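Heads up, the next two complexes both have subunit A, just with different partners, subunit B and then subunit C.
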Partner chain A sequence: MTKVILLCDINSFFASVHQALDPGLQGKPVVVGGDPAKRTGIVLAASVEAKKRFGIKTGMTVAEAKARSREVIFVSPSFKEYVKFSTSINKILKDFSDLVEPCSIDESFVDITGCLKILGSPLEIAGKIQGRINNEIGVGVNIGIGPSKLVAKMAAELEKPNKIIPLTLEDWPHKIWPLPVKELFGVGSRIGRWLNQVGVKTIGDLAVLPPDVLKKRYGLIGEVLHHSAQGIDFSPVDPQAMDVVKSVGNQITLPRDYLGFDRIKVVILELAEEVAQRARRAGCLGNRVSLTMKDPNFFTETHSRTLYSYTDITQEIYDEAVFLLQKHWHEEVRVRLVGLTLSGLLRKEETQLNLLVERDKQERIDRATDLIRSRWGQHSIKRAVSLTDCGVYHER
Partner chain B sequence: MKIICTRQNLIQGVSTSQRAVSTKNPLPILSGILLTATNNQLELKGTDLEMGIQCIIPCTVQEEGSIVLPAKYLGEIVRRLPDTPIQIETQEGVNVVIRYGQSEITINGFSAEEFPGFPNPQGKNSIIIAEEDLKEHLRQILFATSPDENRPVFTGVLLEAAEGTIKLVATDTHRLALKEINASSELQETNVIIPGKTLNELARVIGAADKNVTISIGDNQIIFGMEDTLFISRLIDGQFPNYRQVVPQGYKTRIRLKTKELLEAVERASLLARVGTQIIRLSIEEEKIIITANTEVGRIHEEVAVYLQGDTMQIAFNALYLIDALRAIGSDDIYLDLSGPLSPGILRPVEGDDYLSLVLPVRTI
Partner chain C sequence: MNDKLKNYYKNNFLFTGHRMMMPQAGEKLKHACGQCKYYVNVIGQQENRRICLAGVKAYRQRQKRVPESIDIVELMLLLGKEALQALASQGGHNTACGTFELRM
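Take a look at the complex of A and B:
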């Protein structure tokens, strides 16, 4: 039996949340962005109005957006609200089917194959979902309907905002094939660039490209791409797909460029503390530490290292990151941004014991700080270096 | 320089000295082997500045001299030469012609003057040990070293000499291997950490019957002298953890079993143990030990007959650590001593008390 899959994509999610929270913003060009004074001034999202009337796009600098019009209203992001909204939206979706797979904060797949007899035709169901999201949450939603996740996803992109778009495999050739190849789900900028180089401009071009060519270059992914171009996708809607945390990471744009390892190490320690604490809270251990650094010219480098054993200890993550810093970064180069990620995560169900007593001590320090913070607040205890002028987390 | 030597000798000299040459070294000169011809012998030297290997082979010297040749190409070439006398002659500049039969190869080298000088072998404390024995000792120890270059101490092997015995110890903090050797000679007290990499390479070239290795230890270097080969290596700075503290005295549970039976059972269980964690559970009962692993791949239940002395017990280990330890132990029958689910398990050969290896368990909820 063919499946019926919906993809619900909230229109301009971050901006819509602010509009839903503040009726004064409704119908106005709203832009969610960082604070240019802290040098985090990038447009994270723009409302439908800001996009349509002024051509403001995600990723522009706030200064650029401001130059477009004085009418634009700027708001600061509030991630707590976004998570709250996202949860409520998925709750609505779960009223229609238990097969709901959130694939990002503002997009979820729903498999309604099994509900058709009870709830009506796909269009009727999509209509009900849209109505509830519009009325109960107060945001616009695009719903793509297709026989697979891929087709539903491509359908949802065809027309905006607040539309319900069914797409069948019969429609695929004339609706999807003329689109640029980089619009196809699964084609990133790198693969897109290569495809353009070999003369593949549209999804239709990709569909007729001999599969061997793709397979030779990209292996298994090449094969999947070949199927994708035909509109074929075998992946099921997996409600648990997002349950597994794959990595925890934090990054920060520094209030001013830092020069010298001693100063950068302070930021790394603060990030390590944050990352390790998040891993511990999630009950995870990781074995891969990645350090990202950006220089004032936005030249970015990421380096990783796999640890000999799994860890959630602040000090160990810090030591690895410092090792990466000293190995890969020049002390004379200024640093604009520092990011730290712990990946290769697995559940901390078992712990390999260690000969060294010092590791035990580090674990106890971490446990104690976690306890103090959970009781008295995140800022109740901090590293002494955070109080120097290099610390960036104390003002947060 | 102009010499004639046999293919066999040349292969031996090149492949031994090549072991010290690192492919990743930023200094181009270090990708080469220094060849020096004097007194009817050819001396070959390779180094990565951490470790140096010098090898001497017999040859007919027609003209003394020296040259540095790229190790990678020289190695590949000599292995493929026919079994005829081989002539090596330097040309104008830094070229070398290798002649064999009616054919020849010319390769470009470097000037010998660029090659870094070897430290003068200086060592006071000498230990003499049979090649075969040292090879076996190293096999029993080296598996427990750590590859983590961020903590150099654990990448090495501790050599501790006192009161007529030498102890070799290695640990990556999850397991530990300890070997005791009776030394006949009068020894000064010594406590040094030898890079695991040096010992790995050494273990590959030694092993001849009826030959000895002379170990001399200097302030920051160690020298292994064989008949015609010399290994010089830097020592690792740092404090090796106090291994005596972590080896439990006594036990609550002692089981005696066949190494091979447990090894094969653990290897099978390891196939099903979760990738990454490799956890298997051991349940020690009156006359058997039950090994289980239960993952999304499937389940395994293995039983191995044992003689139990003491309490029954449940404990979990990383299968790979147990496999390494069982392979290294070199004895058909072993004791596994346990003191609790959170204390190290200790493996000892039934015969002899000069070796033990210790594996830390995994704490499960």
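Take a look at the complex of A and C:
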């Protein structure tokens, strides 16, 4: 039986949330952006009106967006509200099917194959979902309908905003093949560049490229690319997909450039604290620490190190990050951004116990701080070093 | 189709590789009310029932510690009967809401 899968993609999610919260912003060009004073001044989202009338795009600098028009209304991001809206939207989707897979904060797949006899045709179901999201949440939603996740995803991108777009495999060659190859889901900048170099400009070109060429270059991914270009995808809609955490990371653009390891170490300790806490909450241990640093000229370096054993202990993650800092970064180079990631995650109960390292004390300290934060708030306990002028903990 | 490719699709790698989630969003979308620290056991005279206390200002603003269980009389003194009745109808969903906080 052919599957019927929907992809619900909220239009300009962050901007739509602000428009839903403040009716005065409805129909106006709204831009959600960082604060240039804190040097996080990029456009996170632009409302449909801002995109259409002024050509403002995500990723543009706030200064550039301001230069386009004085009519544009700038708002600061409110991540708590975004999460609230996202969970409310997923609740609505779960009223239609139990097979809901959140894909990102504003996108979710819904497998409605089993509900067609009860709820009606795919178009009717999509219409009901769109109606409920429009009326109850107050945001616009694009719904792509297809026989697989890939087709549904590509369909949702075809027309915007607030549209329902069915796409079948019969339509695939004349609707999808003329599109540029980088529009195909799964083709990133690196693969896209190579494809362009070998003369593959459109998805249609990729579809007729002999699979052996792709397989030779990219192995398994090459085979998947060949299938994707034909519209073939066997991925299931997996409601438990969120349980798989591959990595946890945090990064921060510093309020001013930092010079000297002593100052950067404070930020690294604060990041290690957050990363380790998130890993502990997810019940995971990781064995690979990556440190990302960016200098004022936007030159970025990322270095990783695999640990001898798996950990979720703040001090151990911090020690590894400091090792990477001292090995790969020059002390006289200023730092604009610091990022820390813990990857190679495993469930805590699946990892091998370590006989050589005594961790009991550190584990108890981390557990105690987690409990205090859980009861009294994230900022209820902090390292003394966070109170110095290098600390950025209070900014978040 | 070979086994490697089958496993690739079966394990959803095409999409999990591209998923990026805000930390708080991932946690909230993954859990249900049952794992939330605000969803506490309220001990009544005839029955015990779990009620969502996320709507109670004192708990949301951390002026009071969220207990694991609470006596109905204490809650009634804090909220009044009508507010308590309204509160009793909330929670128990299979998806957490925006106020979700994982119980430690």
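Going forward, the second predicted complex is superposed on the first by the 383 of 396 C-alpha atoms of A that agree within 3 Å, B and C clash if a C-alpha of one lies under 4 Å from a C-alpha of the other, contacts with A are read in each partner's own complex, and residues count from 1 in each chain.
Keep in mind that, in the parts below, a residue touches a chain if its C-beta (ideal position, glycine included) is under 8 Å from a C-beta of that chain, and two chains touch if they have at least 3 such contacts.
Predicted model, so just to flag it, every value in this text is computed and none were measured.
Trainee: For A:S374, decide between first (touching subunit B), second (touching subunit C), both and neither.
Mentor: second
Trainee: Would you sort A:V83 into first (subunit B), second (subunit C), both or neither based on which partner it touches?
Mentor: It touches subunit C, and subunit B stays clear.
Trainee: Regarding the shared-chain residue A:T302, is it in contact with subunit B (first), subunit C (second), both, or neither?
Mentor: neither
Trainee: Figure out whether A:L150 sits in contact with subunit B (first) or subunit C (second), or with both, or with neither.
Mentor: second
Trainee: Going by the contact rule set out at the top, does A:T351 touch subunit B (first), subunit C (second), both, or neither?
Mentor: first
Trainee: Quick check for you: in the superposed arrangement, does A:K91 touch first (subunit B), second (subunit C), both or neither?
Mentor: After superposition on chain A, A:K91 lies in contact with subunit C alone.
Trainee: After the superposition on A, what does A:I105 contact: first (subunit B), second (subunit C), both or neither?
Mentor: second
Trainee: For subunit A, which side has the bigger count of touched residues, subunit B or subunit C?
Mentor: C
Trainee: Name the contact category of A:S69: first (subunit B only), second (subunit C only), both, or neither.
Mentor: neither
Trainee: Please output the residues of subunit A touching subunit B within their complex, sorted ascending.
Mentor: So the residues of subunit A in touch with subunit B come to 287, 307-310, 319-320, 323, 344, 346, 349-356, 359.
Trainee: Show me the residue ranges of subunit B that touch subunit A in the complex, using the header's touch definition.
Mentor: Contact set of subunit B toward subunit A: 146-148, 150, 171-174, 176, 241, 246, 276-277, 279, 316, 318, 342, 344, 360-365.
Trainee: Considering the complex alone, what residue numbers of subunit A touch subunit C?
Mentor: For subunit A paired with subunit C, touching residues are 79-88, 90-91, 94, 101-105, 109, 149-150, 185-186, 220, 223-224, 228, 233-236, 238, 241-246, 248, 250, 278, 281-282, 370-371, 374-377.
Trainee: If you look only at subunit C, which of its residues touch subunit A in the complex?
Mentor: Contacts found on subunit C: 4-6, 8-10, 12, 14-16, 18-30, 37, 62, 65-66, 93-102, 104.
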